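There are structures below to look over.
Next come two complexes, and both contain subunit A; in the first it sits with subunit B, in the second with subunit C.
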Partner chain A sequence: MSFLGLGGSPNVSSQAKIQAAEAELDMVTGMFNQLVDICHKKCIGTSYNASDLDKNESLCVDRCVAKYFDTNLKVGDSMQKVGQNGAFGVNR
Partner chain B sequence: MTKGNQNPAFKALGLPRLRLPSRNWCIFWSILGGTIGSIVYDKYQQKHIRTLQMAKLDHLSHAQVPFNMMPRKITVFIAPPPSDYLEETLRVFRKYVKPLLNSAGLDFEIYTEERQGDIRFKVAEDIRTLRREALNPNADDNKSEHSIWNKVSSKLSKSQNTQEDEPLVKMSEKISVKDIIGITLYNKNDEVVREDQLVRSPEDAGGVICIGRGAFKEFMNGIHEGLLGPLEEPVRDEPVVLDSNELKGEKSSIVAQESEFINEEQSRDTSGESLIDPSNELKVIPTATSDEPTKEGEEDDEKPKNKGPLPFIYPEDYANAQLAPELDLSRPILDKNGVPIIYHQPVLVLRQFNLPGFIRTPERLWRFFTKRSQAEYYCSKTENLVLSRKHPMTIKDQELAVEEERDWPKKWVKSAKERNSEWVRPFEFDDRVIRHMWVVNDDVHDEDTLPSVN
Partner chain C sequence: MDALNAKEQQEFQKLVEQKQMKDFMRLYSDLVSKCFTDCVNDFTSNKLTSKEEGCINKCAEKFLKHSERVGQRFQEQNQLMMQQLRR
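This part shows the complex of A and B:
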């Protein structure tokens, strides 16, 4: 099953790997969409009077994306830690 | 005289007689009103000055840029004033400098320090890294491509399948996450272009702001150390004497909340290199700003690791040192993005108006009530930087912001001299080094006296 080139590789043999890849792609796509949503809402003015961004907007988007990734990584890290410690009691 | 003064019409209406309160109340109210009034007026003026300057620069941020263009980037070095907290200087930055940079549409990156030597080390280390790379150019291949996308995606895949992610990772090198999500579907591989890459001569790129005379000294020492010093740390003969060239001990333990602020301010691809990281582990929150020697001593004992990095070269040896043989200084030095390094960028030095000490209370009061002049100072200087009014650096520029040194507390200076702190050490420029450096003008009129720029 060729899934955007991921499944086409002979390396991937098991179903589990494909599923993992799909889950990962879902996650990344979801994150990306959220990111675009948030930063668009925050940074891009609604007057739409020009085709390009102005400097303020492009800087704002830049910072917004950076902050989003930073936070994402940090939250991910600490969640992983919490999961490992079993602090939530739902450690699988 | 109490009775007959009232207007009979008012009296007929039953209105009470208007009169001044007693003498003491009059004094009280007028002093209170005067104080509050002058504070409010001062604040209003500060805001007014800032708003005017922002409006002046505002058109710059509305320029249209292609979506893959990164605006000009300013590097800001912030050092705390002697025997005070970093927060004081950060406040100056937030109040007067940052609004102007924002309204001019400039990107900025902040480096702070909580102990002496961090800024110098950072500046010098950047240059040394370039020199090392120039020595063996193929060594830097392995650490390229640490883009944020790869970081995130590798993190995600790690959390997904911990054991068997090897083939997936291999594929994701061939096909990046960007391709799969479809970012590159319509925009074919648009590289990020930095505005600073496109400048005609290197001194038009970016800019450096040093807030505080100490930050400036460290910045310049760092440049000299990077270019003139050895590549590897020399063997120390007398580590004990020079060890303690830090700021006041209590100052170096300002804790974590700073780092959050900085992270928020920082723009992209800076996450790894901030100067504030080492101090995050400190746990002690100081309560007093006094310079009791006992406290200082304690902290020095507790945290032996809290020493600033030592310089690789001292000003006495500048003259004998060779000027960066690895680098070709006849051409502008570019970093890996093609941007001229901060060595070429114009330097703006802002003094601090922080004045500690009880005896100087009158002057402190005066400064407190005339903060508008400080606002004017910071705003106009920042405007000069934004509009790139600059001239080549000369030996005379050693004196930039030197007035600030008069405000440094005598006690602090004395103890700093004992420790051989670089803030009070002889401050020297080397001709070969400053030949390629530029300074932002002190005021607009400097422009007339410029030597011809070519």
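This part shows the complex of A and C:
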């Protein structure tokens, strides 16, 4: 919708484009922030003997990120299957 | 989706900067909570002990290094996923 009807239709698509870009940005940064939090909880010890990640922690973080992406795909597949089977009443 | 034109890009850039500022403040307060919870447990004095201070420094530094590493792996995984999608 254009503000007070000024600008006409080019504004509509402009806003929609920016909104879509914003949604994509939010999705990626949200996923990244979650990943940082989750893998920190799973991999980084709380004794803080050093300010560097030790060997085990580094390895754990690398695997944590890879497995998170895999999990993402698997859940995506399942959701798609559920969608195709017409659950949630979407395909009826 | 169509690419953004120059004017739209400018508007989007403003949005990105606002979000970065917000994200930075969130990171800051989260890190304070995390390092306070993990490091500060002695309340016999109102000053941080040297041990607590050392722990806080390491906690903060380590978190930033952790986040950097996750960022690198995140990018790699993203690229891998894009390559697979294009195939």
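A few notes on this one:
Simple rule for what comes next: the second predicted complex is superposed on the first by the 73 of 92 C-alpha atoms of A that agree within 3 Å, B and C clash if a C-alpha of one lies under 4 Å from a C-alpha of the other, contacts with A are read in each partner's own complex, and residues count from 1 in each chain.
As a convention for this text, contacts are C-beta pairs under 8 Å (C-beta built on N, C-alpha and C of every residue); 3 or more make two chains touch, one makes a residue touch a chain.
Note that the coordinates shown come from a computational prediction; the quantities given were computed from them, not determined experimentally.
In the superposition on chain A, contact of A:L59 is made with subunit B only, not with subunit C.
Look at A:A50: by the touch rule set out above, it reaches both subunit B and subunit C.
Applying the stated contact rule after C-alpha superposition, one finds that A:V75 touches neither subunit B nor subunit C. Residue contacts after overlaying the shared chain place A:L35 against subunit C, while subunit B stays out of touching range.
Of the two partner chains, subunit B is the only one that A:K67 touches; subunit C does not reach it. Once the two complexes are laid over each other on the shared chain, residue contacts for A:A21 go to subunit B and to subunit C alike. When the two complexes are laid over each other on chain A, subunit A has residues 17, 20-21, 25, 29, 32, 50, 52-53, 58, 62, 65-66, 69 in contact with both subunit B and subunit C.
Within the complex formed with subunit A, the residues of subunit B that make contact are 60-67, 69-71, 102, 105, 107, 148, 151-153, 155-157, 159-161, 164-165, 167-168, 170-171, 175, 177, 180-181, 263-264, 266-269, 271.
Those residues of subunit A that touch subunit C in the complex are listed here as 13-14, 17-18, 20-22, 25-26, 29, 32-33, 35-36, 39-40, 43-44, 46, 48-53, 57-58, 61-62, 65-66, 69.
Residue ranges on subunit A touching subunit B, taken from their complex, read 4-6, 9, 11-12, 16-17, 20-21, 23-25, 27-29, 31-32, 50, 52-56, 58-59, 62-63, 65-67, 69-70, 72-73, 76, 80. If you check the complex, the residues on subunit C that touch subunit A are 1-2, 4-5, 7-8, 11-12, 15-16, 19, 23, 38-39, 55, 57-59, 61-63, 65-67, 69-71, 73-74, 77, 81.
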